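Letters A, B, C, D and E mark the chains in the order given here, with residues in each chain numbered from 1 onward.
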Amino acid sequence: EEPIRIGGIYILSGSAATYGEFAQRGINLAVNEINASGGILGRQVEMVYEDSQGKASVAIQAARKLVYSEGVDALVGLDSSGVAQGMVPTMPELQKPLIITHAATPDVTGKLCNAFTYRISVNVAQNMKAAALVAEKLDATNWTTIGPDYAFGHQSWEFFGNYLTQIKPDVNLMSETNFPRFGAEDFTPFIDRVMDSDADGVLISVWGGDLVNFVRQANNRGFFEKDLELLFTVGAATEVLSALGDEMPESVHLSTRYWFDGYDNDINTRFVKAYVDAYDGPPSYNAEGAYAAIYAYKKAMETAGTTDGLAVAKSLSGMSIEAPNGTVTFRKGDNQAMVGPNWGISGPMHPEYGIRTLTDLQIFNGEDVARSIEETGCKL
Amino acid sequence: MSGIGSALLNSLDIGLLLFIIAVGLNIVFGVLNIINFAHGALYMLGAYLAFTLINIVGMPFWAALLLAPLGVAILAVLIDRFLLRYIYSRDIADSLLLTFALLLIINESVRMIWGSGIQVVQPPQLLAGSMDIMGSSIPTYSLFVIVMGLALLAGLWLLFNRTRIGRIMRAAALDRDMAEVLCINTRLVVTGVFAFGAWLAAVGGVIAAPMRALDPGMGDKIIIESFIVVVIGGLGSFPGALLGAIILGLIHGFGGRYFPEVNMLLPFLGMALVLLFKPNGIMGKGAAA
Amino acid sequence: MKIKILWALLALVIAGLIAVPWIASYFYIFIFTEILILGLFAASFNLIFGYTGMLSFGHAAFFGIGSYAMALVLIHLEWPFVVGLLVSMGVSALLALIIGFFCVRLNEVYFAMLTLAFGMMVFAIAYQWRSVTNGSDGLAGFSLGSFGLGLDLTLANPAVYYHVVLAIVVIASALLYLVCSSSFGMILRAIRQNPERVSFAGLNVRTYRLVAFVIAGSFAGLAGGLIAPFLRVASPELLHWSMSAEPILMAILGGTGYFLGPFVGSAVFVLLETWITSFTESWMLVLGIILALMVIFFRKGLLGTVLDWWMEIKK
Amino acid sequence: MILDVRNIQTFYGESQALQGVTLRLEEGETVCLLGRNGAGKSTTLKSIIGLTPPRSGEVIFNGKQIQGFPPHRIARSGIGYVPEDRRIFPSLSVRDNLEVAAYQRKGSATHWTVDNILKKYEMLGEREDQDGATLSGGQQQMLAVARSLMTQPRLLLLDEPNEGLAPVIVQQIGELIDDLSQTTTILFTDQNVRFALKHSQRAYILEKGQVVHQATSDELRADQATQERFLSVA
Amino acid sequence: MTSPILTISNLTKRFGGNAAVSNINLDVIRKETMAIIGPNGAGKTTFYNMVSGRMQPSEGNITLDGKDITGLPPHKISKLGISRSFQINNIFPEMTVQENVEVVLSAYHGHSRKLFNIASRNAGIQQEAEELLKRLGVDSLKDRRAEVISYGDKRLLEIAMVLATRPKLVLLDEPTAGMTPEETRRTTKLIKSLADSGDYTFLITEHDMDVVFDLADRILVMHRGEKLFAGTPAEVKIHPEVRRAYLGEEEDEVTGETSA
């Protein structure tokens, strides 16, 4: 029988190509496991990838190609928020389900939501609500941010500020914020600026290679010796931690959408082991998301008994699956998975992986940090 | 350290790194009349080679500084012999297209060889840490970058203005046929200049490696910056390239801090203003526009 | 005689293009829509590059602003499609007038760099003026209303949209072609070869370059107006310098010396990219190699090489 | 024999400019190449120096075949060339224009140095630091000849050396040719038949890419009929 | 008849410290042919560059038909009726010979502003171009690319282009340089017939004294940027300083073939 084809749209070239690669790793593991145990509906699973180049226009053409030319039954993917924003509105046209595994913009399961679009990963709103809960317990009162100068950085700060002032009205959100250009490579001016200011709490949403540069430059500047509460919103991403090694300071708050050491269940144990065996290092959050997405399709297709796009999309809605990060439910009404971010404090070096460990790990409950359906603006 | 002082110093160190990278672009353009889009890719290659030599092979930084640029220069000789030689006599558009193709090839090869992960190189022991100068602590590596930049500037200036080789390069650039009949082996000059430009790019890459995280998009990040540097300072002028690099460093250093809403615009605004009022760049000379 | 055969061939190609929705798989409707739009974009670029000799690195500014204009019209005003196209052209013509006013006084590399600077300034504005442009996310989620001109077309249907694009691109190209072969076009070619001599013939070279720049800009804007509804998004990457590089590549690939060269280049580029990405993830490597070989061996561009070869054997 | 050109054929793309040119120069001779516009005079010189390599035929210089070599190798073997359009390096100074051309062949003496040239040709000496582009037409021509001397040529090819020069300068160029011919073999072209014959010992006449006549300069001077026939000298 | 068409007063051009043209005063009479001679570097081309708008004078005024044109850009000066040729060939290399002339003609007739006519269908301009080429004797080359025709033919083409704008005042910078004697004679004759037709005023520089003495009504001799002497050909020939500075002592060589 013909295999089931699933299309993956990720960044496969340029600076952020590493994220596409992580997703591919997670997907590979899932696909191999599924195929080894008989596939989906008795059919083997086959992946077809397209490079989004991080551009909405490219991703949209890629999706059309995957659906109309490659004949895929379902789509996974999307790393960048801009790509997601552009692509999601075209999904009803394609009549195939899409599970977003990485892009974090709230809108795609908010005001842009539609019946074909799902997200299995944590979004900015969820993560920032958790961040606010972490910040609530800290002594800092003057908060500012350092984030990339595009939607993600600005949105993170907005959501964080809103939640934090709700639960802790006496904090001060500084008007002096810092948004270095994405890919700027030099963050020293912004680091100096924060050090010269009255801030005692900083939300840092810089990520990826930029974050690596940021941390190293901050070390040079003595930034971490100052008495500041630091929240790194994507700080516990394994690629960043392994690049930095012990240059990542201890005792700062790091978040990730999935911490490999945080879940004590069989699926996670199996997943982490398989990943470490295959790729020689701990899995990153977006490898986990992509891994889980394939299993989500398996369950949805088997529930629907078909690979028909509309039917599969329908059965995804409200569905729960067991994933490395526990039971994951796509909430009816906005199709956002109820998953909680992981926040912890950077601790001693991990004996095997050469990265910082997370101590005092807090795994937030997905429901607790999610916006209500009314707040999302999604009308399904 | 006071805000302005440290911002100044920081601008200087970014500026000099940019200078080292951009000056090769400047030379290749000035002598060969080629806009080398692959210059950033060669810079990246220098950085990745350094990464391999230092982190994998375990060589000291200084050996990498010597060897990695040499390797890139050798690659450049091959590129010149097998690809560029076909298009030197054609107009600038062809070289644009070919070096763009090269950029694609090198970028992808780097991704295939080194993977797309983020890599980090440590500075050598000698240059790690900070030094106290006038009561403020300055990363030793920044000083090293500044010294390297200035040393290269001096060397290049001497080479081009005080040696016959420099004049020969300029002559070959102006009129290749005429240079040929005056006993100048222009093929050799051309190959040499291209390899030299690549060498400079790679030196920039090695020097950048301990300061910048390595990823397969790092070349693309630098190429437009290099254009800006070259244009602001003036095509063909080394002190100009230095000035352009420092100005761009200042724009980045102060723009982000004091005009965050328009910081992306500023470098380009600066470049446009320079071109409008001094089309040949601040220190450029040569034919009027 | 040969010229007649060429015209007949062209007619055949257009007939083939009309038939695409019926003869090719559904996906090719999208591919050909993209080819046509990018072809028009590249042809507009070639008016200033191939004909007038001005290498612009900022042509995407007009393409992108055209797409933003269209998106804004559709989101906020809900005007008919044709009106949106006219607005796109108008806005980009205006932008081209402003940018061109400064740029046409410079030559060659300096011109290229100044257009790059202006193009990236427009990009930076679109990226950072979040209240109007929605920043890095771009404008998405607009719906296509009526076509206008009393025609009842369902633009949301890709096949219909394809035919609309085809018709508009053919008309626009015919206009551009007229401009290129007019006396004005001849002056542009003369300016490319020897601007000084043209000024000694009594013409203000800057004015001519500016007019060419504005015409090219407005047609790029038209192409941008067509791309936004096609992609369902107007985003900053359409304004980025790497988008400006595309028409350059396409024009050179196809042949800058021929009016249809950019269209051929666009077709080759889009098809190559589509095909290569199907069989390898390292499509950049393969594309790079193919590009390099083409530059080296097809120096007059594909169309030029083919035409030369054809003229040769039929001699 | 210092130069032996045997039946060379040279093409520009598909169009053939030289249809088999044969000529010989003995060491020390000064020979002129005459002919109407487009006859192929410049192409002959360019074929010898290698700028337009002949497609067939041989060029033997100093006993060695040189056709097909890159121009710099031909030039290094001892041939100097001054093109008709001068080709001064525009943004190099007069001094630098001379300096880049300096070439020292192993085992031969240096006749020409930048300093003795600038001294000898005042017109250039006065403008040592001026950019090539800003020289007047005549000054550029002087510089072009002087520059070619810097390669210490044994054979000098001059393409219309006095085109665009004032009569006084033409005289000077004539004197220069006479002077150089003491030490150097010279092959030059000129439109001014009288001038050419006065300063040469022998002449070749080209027409449509072929040598149609050769004679000593004295013979040709006297031969009004031939002059009229091939050179339209009334 | 004797009202000056071009009046030059105190014209000076300095480059750095050196004056390439220094304090020239001159009236060019309508319909006359005036030659400017002088040693290399005397400033002749620089003088032309100022009159035609290619360079801005450092000092002084240029008046055409009573209108001050000092410092106007080339295209304006051209429109006012001054047309020039160049010492170094200045054509459109990739166009055909015919198209080279057509460009100038359509500029002159204002067709260049037409965006939607088809240039190659413009019979009037085509015919006019062909006539001009015929007049210069290069009509047989009309379909060849301009860059491949020989040097002499390029110079003739350039004269055709100069005449295409029907100028009142024509500046020719060494029109016969590089031509064969035959072409030189033909060109001289052509210029003479144009001059005699009374439609043009000519300013000519030349190093070929035959041409100069043949054509010129008056001669301006420049030396080191200054006016050395101005007068009739006969006066110039015998002027001792001119002989020393320019013509050289051996008169027979100067006058070339005619004396032969």
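Keep this in mind: a residue touches a chain if its C-beta (ideal position, glycine included) is under 8 Å from a C-beta of that chain, and two chains touch if they have at least 3 such contacts.
In UniProt terms, the chains line up like this: B, C = ABC transporter permease; D = ABC transporter; E = Branched-chain amino acid ABC transporter substrate-binding protein.
Quick caveat, the model's predicted, so the values are computed rather than measured.
**Student:** For subunit A and subunit B, which third chains touch each of them?
**Tutor:** C
**Student:** Between subunit C and subunit D, how many steps is the shortest route if every step has to go to a touching chain?
**Tutor:** 2
**Student:** Can you tell me which chain lies farthest from subunit C, using the average of the Cα atoms as each chain's centre?
**Tutor:** Computed centres place D farthest from subunit C.
**Student:** Hey, how far is the Cα centre of subunit B from the one of subunit C, in Å?
**Tutor:** Each chain reduced to its C-alpha mean, subunit B and subunit C end up 32 Å apart.
**Student:** Determine the centre-to-centre distance between subunit A and subunit D, using the mean Cα coordinates as centres, and give it in whole Å.
**Tutor:** Whole-Å distance between the two chain centres: 75.
**Student:** Based only on mean CA positions, could you tell me how far subunit D sits from subunit E in angstrom?
**Tutor:** Centres of subunit D and subunit E (C-alpha means) sit 29 Å apart.
**Student:** Can you pull out the residues of subunit D that are in contact with at least two other chains?
**Tutor:** Where subunit D is concerned, no single residue meets two or more other chains.
**Student:** Counting only residues that touch at least 2 other chains, which ones in subunit E make the list?
**Tutor:** none
**Student:** Could you tell me which residues belong to subunit A and also touch two or more other chains?
**Tutor:** 13, 149
**Student:** Please give all chain pairs that are in touch with each other.
**Tutor:** A-B, A-C, B-C, B-D, C-E, D-E
**Student:** For subunit B, which residues are in contact with subunit C within the complex?
**Tutor:** Per the stated touch rule, the residues are 29, 35, 83, 86-87, 90, 92-94, 96-98, 100-105, 107-109, 111-112, 224, 227-228, 231, 235, 261-262, 264-265, 268-269, 271-272, 275-276, 279-280, 289.
**Student:** Mind listing the subunit B positions that touch subunit D in their complex?
**Tutor:** 164, 167-168, 170-171, 174-175, 177-187, 285-287
**Student:** Give every residue of subunit E touching subunit C within the complex, in rising order.
**Tutor:** 52, 54, 73-76, 78-79, 83-84, 90-95, 99, 102-104, 106-108, 111-120, 122, 161, 164-165
**Student:** Spell out the part of subunit A that touches subunit C in their complex, as residue ranges.
**Tutor:** 12-13, 49-51, 55-57, 60-62, 64-65, 68-70, 81-82, 85-90, 93, 105, 107, 112, 149-151, 154, 182
**Student:** Under the definition above, what is the set of subunit E residues touching subunit D in their complex?
**Tutor:** 15, 37-42, 45, 87-88, 148-153, 174, 177-183, 185, 207, 209, 245-250, 253-254, 256-257, 260
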